[in-house]
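These notes are about the structure you will find just below.
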């Protein structure tokens, strides 16, 4: 295992795992939290360092393959490329934030809590880095189990039901995924490696249904309309750190699946279904946006707005336009940052006032000006105001949609109006207006929370003003994805 | 000089950052100094820039800083373009901006320091975005500024966020702007697809070769953006509500600068518009109808700021008329003069409101002439200017527009004339109700009446001067050949003013001008009789006047046919479709499984006989299947 | 051969042990020793040194499949003895007899592991069944147990009748009892042979409790003392499957296309019935018995597509399913009330055992890194490889999805619910038991991470 | 019509009739006796087919031992007169129909089946004890031995079940 | 040498077999049911013997010394063996049940459902 520390991917897997296991054995909450935090920050450090080792000559540091089950042709193969870096970086940023934000004494037997968080972390890293179909599936499931326990044990009062629905829903999806993987595997020369999967060319007829086998799993995970109904409840019931991970990172598993597996594996089917898919997804976006307008619970509002945003990304992925794919990449990262910021604020409000009903809140800005400033910034980055991070991605995605079909872009564009409506509604009713009774005794954020929000805000502006380095990081991967389509 | 251009927007931004972050630590004076200082500084810089552009043989200059986006075949540089048009706007923005900042230092006195700082931070941020908008050398940078000013107007309208009506107004403004922005965005994409670039130079260069329908589409989409930003039909209703903001804000954003962004954009892309007659006509029609509608509404408003707001809308309409008929110079000219006198009028109104302790209903005013001499004088100048009395600024720009309209079609001209007559009417109604007659307010109001401090009167005076002489840069050919400095100055960007102007015989022009003027004077005298010394008060309830007082019920209309239905629809989706149908389906599967489980249990009767019977039956079926069905 | 003879001998030994000592502990120890001996000897024979050289005249014969199967059986049996020795001792005054019966059964299983003639199949099945009737009724004073015994007996002998009729018809057609002799091409498929084949399939389906011949299962499993239920549901059922797959491979392999439709019907019914009915159960024990039907449906996929993957998968499935169920039953056997609510808050009181049960349940569900995942993996893969029957796979995985529902209800009870205040029953678990449960879980995990360690012997 | 054929038909008729009586006679004792009749008839068939050994074993084991055991148990429970309550009517219906259907199907499938059985001992004498013994103890010794396990387990089982342990009944 | 068509025997045994099944289905007395099962077994026996003779006859035509057919008769023998064992256990179970509920009516066996 120590030999495994000689390269980045292995480190990114092992550090969270070791950290998680250690955390389980911590006695006091403080030590548990510090251990978890230490290891997550360590991981963050690793991935950040890796950003300076992206060159081809560091190939050996960024791609590894350990022998696992040679009999059935699978090996523990991991890679760090543009796509992976994006998401691993996101994960490694989100997790410390989530951990730091946890107030002490909030969750009973904390060592288990933090331990499970770290295991989720490990699972996510695995999902993003795996380039062996079976390993991918493995982590795909494993990332789910800890989350299931986290929200079922520490969640809200309707937690068990909501989480169970979420679990079964995603489990069904992943079973279809399994069928798909196995079928393609039989098409290969008995190997699960991504390369052989790319080269295994099922007939167009097979692609037609294999496409959906994979798609269902990813669609449920993202989720996109109409597979989304598990999400609002799950977000509402899960404990905040978990919600952050769910909405910030886990939903990206679906998009990741699209970009890493679905699109390159079934270029023909993708080409065929691309346009209907985009139309469906765009309609789903509008649908979610409309519903978001009517939500009275901050959490559900964020959930639906997330559905809309994710939908936009999915649509962008299916446009198969280089600009859109680039946009999806950066938007995956930025959406993660923004929504984590939103959850952070929702949590800060609920933690003090005890309510998350919009109608029961109001006038927070008069009590907590600093918090409100951050809120306004994050809210406007959520509706993709220029110079905030979301604008870059969404601009490119819309551009791609337009290249596909102008009217689709126009239709999808309506969602930016709607997003303005519901976001500003929330800002208005929660932060402005007369002070509601619930927020009479509200005190502004403390140093730590200020720090967290500052980090998020900085990321928002940095990626909003100067995203160029990011694009140079991902360009190669995008090219690889799109290469599969030039021939068709 | 170029290497300093970036300072022009940057300085206000720095001011924003300082005032925003350290609002709790800075002293009130310091805040004011920083807020206005940065602006003055960039005003000076702008002067240099302007002076450069006036130089003979000046070439348009591009200053590129870095790539905003460069991926997937999309390349968007962050770069500025210095030419006559942007220089002129720089001047107007920074100049009037500085004045209004100075004015604000006094006007916002009674705010607590942090909010005072917040105010200036927003104001600086606004100027920054506005400068970005005019400096940008491509449509995306313009769009960035475009949305930026939208954000600031949102923040400033909702500046007193304790009051929910204000917040609603702010939200309304932002959302309506967003609708326009969508059009803008689509236009940008279309241009990207058509020309492969969104840099002005390339787009305009390739525009000529592009098919006309495409250009028409693009220009119409752009115009939709302008509708939102510049409050044209159908997206104008946010501007009157926007008066919720502090008065200086109304002066700067909702009169002088931001709302003219739409005109700037169209003037900027005049090349394309000239290629698309259809969209030109559309612009003209929308413009004139907006002008007329707003003017009618303004006739019956009693809130001093509302009147000015509608007059702004109407003036903007005139500008679009100008653009629509291809008289870009005239449009820009009117932007400038309008900036002068409308800012003046707003600030004057602000001064009045200040004196009246935030009383805005002109019915409760009157006879302020003696109490507020400077305000009164400057306000009068403003009124004269906007009514188009020579030799005030308004006269020249308006006259130019009308002439251009006449050349296009007499109808437009007639409507324009009506508009300007009404303008004169409501402006002087406002003037008389406010300043002449006897005071109609409460006693302690009367007791506290006082002229505003120097910081407020100074900008008034300056603007009054400008509204007086501002028009002289555009003497029509009628008076003196080639005296139109502005058009010659702008010609590199907007092209030489359309030659047809000279097809009208001078005599005809003189005649029309005379008639128009006499009409206006009559209107003024009429108002004097109505609202002058012996004003008894009016009833604005029944008949047409009632309709006008209620702004043609447009807001109600929008509510009824757009807002409500959408709200109901959203509710339907949320409550029925999502909860019942889709989620119901998902849960239904689970329920079905449970139900069938409960049913199948009954097969398990516990009776050996029945078990064996089922076995037998299935065996028989198996036999039949295996032996006879195959 | 070693396994048969030694387990028979050990059965006799157990009988006499009962006379020799009244100390139940010693008896159990001897039994455990016996299993180990059999296990080792069987392994030695696999490695090529049989203790006895008997000319079976081609009636018996083992291939690697048989040996590995036998090994797995005895390994699970060992775990079974270790985990539930206490219950076996408690189940009667003279547990030695029960041990003896179990040993006879394993002898029968070993016969099944090596049958090459229908005669041996018949005898083997009977040797397995008859003692089972007795074990089912071993709690004599309990009416449910009696009832279970009688039902099991009546229906068991009825299915024996069907089996014999099938054998007779096959003999009439082909004139031999040797499987190879029967296995001839489709061209020679007379109605008589078809009929025999169907009857054999039915009786096999009965033994592995596949729908619609499964009705005895829930009643019998429920009535039988829990400790023996776990034995029936795991080891004996595995034997049934082995017989099924071996019989149909060697005797009807050439006419696969003739019976696959019929079998797929049985599979679909089994999966649906098992899973759907299990959803409603309130008692963990009944839930497990229905789930055993559901799992049988999944194992039948292996019979359906009898390729190498299927065999590997079946073996793995025996191990995964066996260990997991034995663990669960062993814990369950210590409880009086078997309702799911009875487990509320179990994790807080017994974290170790709850953890091991968790692993077992996850394995039954088929979550990766547990043996159950690769078991299901091989089943699906083998069917996909066999080809053009996607619908079957989809039904199977939908069944698996449903199974999550009832398996996770137990997890929810153990981990997420709090114990009822009025709960009287307080079960104590010895340290050794906890340790063994952990070992059990570890076995499942190891098989889940490195299944090839088991399968590379095939 | 040769004697053997007459015998065949007679025995067949007897067997079927007695079998029906086994099913339909309400008194268990009668059923037992009728069953014995069936066995006798079947033994007769064996003899016709020149399978003396089986004929004898059949008589001894079945008619002798097993049936006596049955009789013994029935007497033990003194059910000799008590006529059990009948099953529900529809159950009978279903039973009859399904039974008939099964018979029809099987017969329909097997009717055109060539092949013959010699009626008399004219040919080979595999049915004789000597030959069977040879084969049994040479080729079939393994199953023979293994069936001892069967008997052992049956014995133990009978003992386990027969032993009286605790008298209290849990229901 | 006269012969008898195998079908007669087949039909006979099928008839017996079916009668046995019908008995199992119709009767409620456990013992009777058990006896009907024995009937089924005997039906099978008849069939086996008949088949053995049939195959023997076929083989005999070629080779006088053939032992073809023996295995079937031995199979019958084993069936009897097993039947005997079964009877032991079965009757033991029935007696045990009778001891507890003083009845052998299987319709009383319905404590175990759902």
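Think of it as A, B, C, D and E in the order they're written, each chain with its own count starting at 1.
The criterion applied here is as follows: a contact is a pair of C-beta atoms (placed from the backbone, for glycine too) under 8 Å apart; a residue touches a chain by one contact, two chains touch by 3 or more.
If you're wondering where the values come from, they're calculated on a predicted model, not measured in any experiment.
S.K.: Quick one: which chains contact chain C and chain E both?
M.R.: Where chain C and chain E share a partner, that partner set is B, D.
S.K.: Tell me, which chains sit next to both chain B and chain C?
M.R.: Common neighbours, chain B/chain C: A, D, E.
S.K.: Using mean Cα positions as chain centres, tell me which chain lies farthest from chain E.
M.R.: With centres defined by C-alpha atoms, farthest from chain E sits B.
S.K.: Averaging each chain's C-alpha atoms to get its centre, pick out the one most distant from chain C.
M.R.: Most remote chain from chain C, centroid-wise, comes out as B.
S.K.: Closest chain to the overall C-alpha centroid, by per-chain C-alpha centroid: which is it?
M.R.: Per-chain C-alpha centroids ranked by distance to the global centroid put A first.
S.K.: Which pairing of chains accounts for the highest number of C-beta contacts?
M.R.: D-E
S.K.: Could you put a whole-Å number on the gap between the CA centroids of chain A and chain C?
M.R.: 43
S.K.: Averaging over Cα atoms per chain, report the distance between chain A and chain E in Å.
M.R.: 67
S.K.: What whole-Å value do you get for the distance between chain B and chain E if each is reduced to the mean of its CA atoms?
M.R.: Computed value for the inter-centroid distance: 99 Å.
S.K.: Starting from the mean Cα coordinates of chain D and chain E, work out the distance between those two points in Å.
M.R.: Averaging C-alpha atoms per chain gives centres 5 Å apart.
S.K.: Which parts of chain D, given as residue numbers and ranges, touch two or more other chains?
M.R.: 87, 91, 94-95, 98-99, 102, 106, 109-110, 113, 140, 143, 147, 150, 153-154, 157, 161, 169, 171
S.K.: In chain E, what residues contact two or more other chains?
M.R.: 6, 10, 20-21, 24-25, 28, 33-34, 50, 52, 54, 58, 68, 71, 74, 78, 82, 85-86, 89, 92-94, 96, 100, 106-107, 109, 111-114 - these are the residues of chain E that touch more than one other chain.
S.K.: Two or more other chains touching the same residue: where does that happen in chain C?
M.R.: 119, 123, 126, 130, 133-134, 137, 140-141, 143-144, 151, 154, 158, 191, 194-195, 218-219, 280, 405
S.K.: Between which chains does touch occur?
M.R.: By the stated definition, chains touch in these pairs: A-B, A-C, B-C, B-D, B-E, C-D, C-E, D-E.
S.K.: Per the contact definition, I'd like the list of chain B residues that touch chain A in the complex.
M.R.: 20, 66-74, 114, 140, 143-144, 147-148, 151, 154-155, 158, 161-164, 167-168, 171, 174-175, 178-179, 181-182, 185-186, 189-190, 192-193, 566-567, 569-571, 573-575, 577-578, 582-583, 586-587, 590
S.K.: Quick check on the complex: what are the chain B residues that touch chain C?
M.R.: Of all residues in chain B, those touching chain C are 590, 593-594, 596-598, 600-601, 603-604, 606, 608, 611-612, 614-615, 618-619, 622-623, 625-627, 630.
S.K.: Under the touch definition given earlier, write down the residues of chain C that touch chain E in their complex.
M.R.: Its residues touching chain E are 119, 122-123, 126, 130, 133-134, 137, 140-141, 143-144, 146-151, 153-154, 157-158, 160-161, 164-165, 167-169, 171-172, 175-177, 218-220, 222-223, 280-281, 286.
S.K.: Of all residues in chain E, which touch chain C in the complex?
M.R.: Contacts found on chain E: 6, 10, 13, 17, 20, 24, 30, 33-34, 37, 40-41, 43-44, 47-48, 50-52, 54-55, 58, 68, 71-72, 74-75, 78-79, 82, 85-86, 89-90, 92-94, 96-97, 100-101, 106, 109, 111-114.
S.K.: Chain D touches which residues of chain C in the complex?
M.R.: Going by the criterion above, the answer is residues 4, 8, 11-12, 15, 54, 56-57, 59-60, 92-94, 97-98, 100-101, 104-105, 107-108, 111, 119-120, 123, 126-127, 130-131, 133-134, 137-138, 140-144, 191-192, 194-195.
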